[in-house]
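Next up: the structures, one after another.
Next come two complexes, and both contain chain A; in the first it sits with chain B, in the second with chain C.
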Partner chain A sequence: MPALSFALRRVLRGIVTIWFAVTVTFLLLRLLPGDPALAVASTNMTEETRQALLVQYGLDQPLPVQYVLYLGQLLQGNLGVSFTQSVPVVDVLLARLPWTLLLTFAALAITIVVGVPLGVLAASRRGGALDRAVQIVGVTAQSLFVPSVGIVLLLVFGLGLRLLPIGGAYEDGVYGFAWYGSVLQHLILPAVSLALIQLGAFALTMRATLIDALGDDYVTLAKANGLPYRRILWKHALRNALLPATTLIGLQLGFVVGGAVLTETVFAYPGIGRGIYEAVTQLDFPVLQGAFLLLAVTVVLANMLTDLVYGLLDPRVKTA
Partner chain B sequence: MTAPMPEVELATSTVAEPAGERPGRATWRAFLRQPLGVISLGVLAVLALVSVAAPLLAPYPRGYGSDVLSPPSSAHLFGTDSLGRDVFGEVVWGTQQSVLVAVAASAIAILFGTLVAVIGAYVPRADALVSIVVDLTLSLPVLPLMILVAALAGPSTTTIILVVAAFSWPEVTRLVRSQALTVVGLPYVDAARLMTRNHLHIVARHVVPAVVPVIVVSVVVTASRAVLSAAGLAFLGLGDPTTWSWGRILFEAQQSGAMVSSWWLTLFPSLAILALVLSATLISISYNDARNPRNRDR
Partner chain C sequence: MRIPARTRTVAVALAATAALALSACAPQAPEEGENGASDVTLTIATTTDVVNYNPLVGNSRSDYWVTNLMYPHLLTIGDDGSKAAELATDWGYVDDTTGFYEIRDDMTWSDGEALDAEDVAYTMNAVKRDAPAGTFYGQLANFESAEAVDDTRVEITLTQPDSSIVEEIGFWGNVVPQHVFEPAGSVAEFANDGADGWVSAGPYLLTDVQAGQSYTMERVDDYPLVEGGQPVSAQVVFRVYPDVNTEILALQSGEVDVIANSLPPAQVETLRNSPGIEVAEVTGLGYSHMVYNMDNPDLAKLEVRQALAQTVDYDAIRDVVLQGQGVSTGSSPLMPVLADYYDDSITDYEYDPDAARALMEEAGYQASADGAFPVSFRLIYSLQDPVTSQWAQLVQEQAAEAGITIELAGAERNTYLAQTDAGDYDIYAGNFAIMDDPVTNFTLSYLPGGAINYTHVDDPELTELVQRAAVSFDEEEKIGIMREAAQIVHEQVYDNVMYTQNLYVAHSDQWDGFVSKPSELLSIVNPVSIAGAFPVEG
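For the complex of A and B:
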């Protein structure tokens, strides 16, 4: 069963990646100069509380014992307590996670919906004016700083034209259908900012792989058979060129999440990223640690799922 | 940091160059024929000059000024911020910090990344470990990790340089390793192995020179990424509070709430970031084109 062994290997890799993230975090927290108690409690606590916390979290034990304890805590879903809000970090973050997921997926959807046609058009008119334009836009988009993009969009569409809300994720006091409408309205500007910085790389990869695919033998054969060029382009070549572009999305996921942190900060969007920003200003280390771990797990899981689905759809993945 | 490194199209020409001229010079001449590459090089030169000559261009912005949030004028070219400080001065001094971070962080990342890549390519037993560590690091959300470390270590320019470098080397290793692997498999490396048992000599004399083009591209791309990462950290409030940086101007604009009312506070540092990153990206693209002999004589 090659399909089953492929799935097993992929899941195993996901687990190893998560373990790696956890171990790196553990080592960083313990080996960096600074009080390890900072990772679980506030800076302005009394000495007794500090000692009690150190014992409670096993921070008085030798490093390997601490490591096992740490893994045990994480397996139980315990990420410590946010000392600014005095609630478990897991609760704080899980309430915020859906907004980050919504923003990230909306941005990826825009990237694909706009990026695929851009790449196809550029590749089919290679060397033409449109191709140059896509390349210039693509390279420039790659060099943008997300907050700058967000602020410009916010100034133009939010404050200048007054078309869209300038912050938050929904309007208070509206219910039912109107609430979903307000969520969508609030989503547009952050999602477009985040999509803009992914778009360049995606369209350029799409273009490059499609140009490769258009030089393949089966395309020549299809041309010789007299199939219309549009059909060869959109149905035959595009399907084969989609794989590298999809892989790129997977590789970029970590970057997209980083971009989401900055975008949410600009738009006061109530996701994990805005939570990170607030935790930084209050030096709430448990939240920062939890946010990284939760985002890492999310990225790894999302990558794993796309790979599994793609492995079922495209036999080339399994052998690779 | 938010965009992936552009894939480098490596012609195998690093080994077989037309005889008669040194390959580096041919590349340089081809590079000079590309207008975008030359302009970008000029922009980088200007930014480098600004960063060195900052004390001559503007006094270090500190304290409070009398004109709060005044738009650009002849007295204040880029306007003033919410404490009345000159934004032009902030951007100029921010250039110094950004260039410093870019150079220092990418230098560390390149040295370490190349070392790991070459060891991995040359010593098969180490390679498995190298590629696993690189793959794992690259699949994690790096910015949140940088934020955690920077917050723990405390905000300073040194912290930012080290943090950015610590999470940039895997990308360098990935690029350099794939090129080094093909070089190590080439017959002339086998021939060198027959002639000497000094592995260090083989690596230094035969493997490293062959990966230099990839390293050049990595330097440029890593440096521009470092600028974006450093700006991102500063924008979240993890920048050095005593040194001006482009990210800090944006952070303070956001904190004071003046970001939405005073466009000049965000426009000028944003343009500075874009100028630096875009010209670095264009240079790497032009260099790749110039290095590819197939593009040369057209």
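For the complex of A and C:
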């Protein structure tokens, strides 16, 4: 029962968080200077056309009425219709979601595959040259600005060496199995760029927790029993050190999602991030509301999942 | 470690199944054409997605470029600013309140339906009825209705005489297929998102959309406006990039063949000297300007506006910021490209800080000990417009030399639009992409209630002249009246046109045959140009 209560509390907290995100997004968009009718219309638009557009968008209603109508729509699973494209927001987002998911998971995979060994190597050679190198690289990676990294990668690998494409998610005119190769080729630069955002923090956290774990009594006991150091390191200490890193992955998902907006924009990657960028310039409120809702749900779900997994991995958490 | 044979077999079978499944999920190659035409693809870079596939609503450049390849205009424009035939072969007036278009009889929609006068009349009437937000509706102020007199002749009835409207409607309005748009209801709300496919009477038909990535268009077999009656490239693909700089990288790396957006001034010479790249010049049809808000009591004084106009070193701005690509219009909205209207007796405001000081004193202002007059003006501009952002700083510095304080208030585009709409500025800096018809331009810019009357000017003499030109069907008389009106705008500093800018677009030297038309909207990505472009052999 404590486990069920723990899960319920997390779900409730998630729902409240999503409602809060929905409300803040709704209000912030309407606080933005500018007028969606002006953003889409031509310079010779008449006042009548403008008013008709505002009525069409539902922006002629008082703010509380707009809010209640919007919440009512959401509860029915309706995200509304794009101001500029006149198509359901769900269609706009679903066309882009697969690319953002692919990019995000690829970046997470790179972070884990590269970050874990880096952290382990640094911890196992604490104070050595390799440890210092990992610390320098880690801190530097944390400080990088995504667009700058992206542009440098584009210049070097896209234009200079011509090894990888400049933008997009695949090459037009490529079909069948070769299409997957093209997708992979186009994924490399944005995924690496996005992975760099969190790689530093992940490797440094890995290093710190592993150093703690290596000082624990069970490690001393294992050494005394004559177990090989590599086995102690990778099989025993690493398992315990992975718990905080798991939490970090969940927490960092928010940064990854935020980073995806910039990464997709720099690499012309057709995901939700680039969609957000374009919707902002057009003040397309329904698309922005839908996109931020989707991102909020993703982050809340990831955090919830992390809590639940952590609860499974560490029974002490269940009653916390 | 040995893997048992059975496990290996299962693994291989699973891998093969996965490969087949993946292959099946991937996009499949289209079937080969059978007409022996070329199978080349022309790839064009753009910086924005297509927002709206309905050309009666669409407003962004990408919307325009893509939908223009499917929905023809009645008229196009020549390098001398005069309107030219496209779908229409003849046009004009039956009487003061009746216009007409004769259209080609050899155009068909890609689904086999004939494109006839009914489509043209339906389009105009639907736009008037539903008032979509695009530019087309703005041209219909004096339009009452259109009627298909026969298969190739449309007549339009006006609410009052208007000597510009036939050419303006013909130039700005796309013609859409009645049999597709009418069942959808309001043309203001119809997304035309291709749920049942698109229909085209242009050289290409949109067949595949990957939002954020690319827009693929297939050749239409019969397009009589291009030599040979068929477009050269089998496919045209618009690829989306985040900005012009990335587009340039893509052109240099060979990913794209053409950049649709005009190049920033600083990149023109660099690309001219880049191997494998050609830079084409496109006549500009718009201008950059500053406007002084006469609702401000200081700016309501002619001497103050004249003083401000004399604080600007126009040559320096055109040479330094525009890298010599800016062309003087004589500080007049009648640009040289509009050859019939251009009046070379109107010249640039002279850059003379001392004269500006004298004018301020004449207006009753006394400079303080440090030479500054007790006035400060807030200048708004869009931060998304890098060229204006640069010259706005020069304007500020140069005004300071004459003792006039200008406070720069660059803002994000939507904020800038809202400020402009609310009249929340002293000086407005910005630009217009296309000002193809002087009478329309003056009506919108300088008449009370005009949609872009940012000066908030209400000058009865100017209003009377523009209104007279609007109903003058004698071309010579009309030109004379407009020159007189331009003289007033210049003398009264109702507008301060800084320059008109010819544009430059880049394409791969592996392609040729582009046909340039004025403005960034048409440039070398207009239908005839794209349909006729061909790869250079060898």
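Of note:
Please note the rule applied: the second predicted complex is superposed on the first by the 257 of 320 C-alpha atoms of A that agree within 3 Å, B and C clash if a C-alpha of one lies under 4 Å from a C-alpha of the other, contacts with A are read in each partner's own complex, and residues count from 1 in each chain.
Criterion: contacts are C-beta pairs under 8 Å (C-beta built on N, C-alpha and C of every residue); 3 or more make two chains touch, one makes a residue touch a chain.
None of these values were measured; they are calculated from a predicted model.
With both structures placed on the common chain, the touch criterion links A:V257 to chain B but leaves chain C unconnected.
By the touch criterion defined above, A:T247 reaches neither chain B nor chain C.
Once the two complexes are overlaid on the shared chain, A:I166 sits against chain B and chain C alike. Contacts of A:T104 after superposition on the shared chain: neither chain B nor chain C is touched. Shared-chain residue A:T265: touches chain B and chain C both.
Of the two partner chains, chain B and chain C are each touched by A:T281. Judged by the touch definition given at the top, the superposed model places A:L155 against both chain B and chain C.
By the touch criterion defined above, A:L32 lies against chain B and chain C together after alignment on the C-alpha atoms of chain A. Taken together, the two structures place residues 32-34, 38-39, 154-155, 158-159, 166, 265-266, 281, 283 of chain A in contact with chain B in one case and with chain C in the other. If you check the complex, the residues on chain A that touch chain C are 32-35, 37-46, 48-49, 52-53, 56, 84-87, 92, 95-96, 99, 154-155, 158-159, 162, 165-170, 172-177, 179-180, 264-271, 274-275, 278, 281-283. Residue ranges of chain B in contact with chain A, taken from their complex: 1-4, 6-7, 136, 138-145, 147-149, 151-154, 224, 228, 231-232, 235-238, 250, 254, 259-260, 263, 266, 270, 273-274, 277-278, 280-282, 285.
Residue ranges of chain A in contact with chain B, taken from their complex: 16-17, 20-21, 24-25, 28-29, 32-34, 38-39, 139-148, 151-152, 154-155, 158-159, 166, 197-198, 200-201, 204-205, 208, 248, 251-259, 261-262, 265-266, 276-277, 280-281, 283, 285, 288-289, 291-292, 295-296, 299-300, 303.
Listed in rising order, the residues of chain C touching chain A in the complex are 19, 22-23, 26-29, 41, 43, 48-49, 51-52, 54, 57, 59, 131-135, 137-139, 188-191, 193, 210-214, 216, 235, 237, 239-242, 246, 249-250, 252-253, 255, 411-415, 417-419, 421, 432, 444, 451-452.
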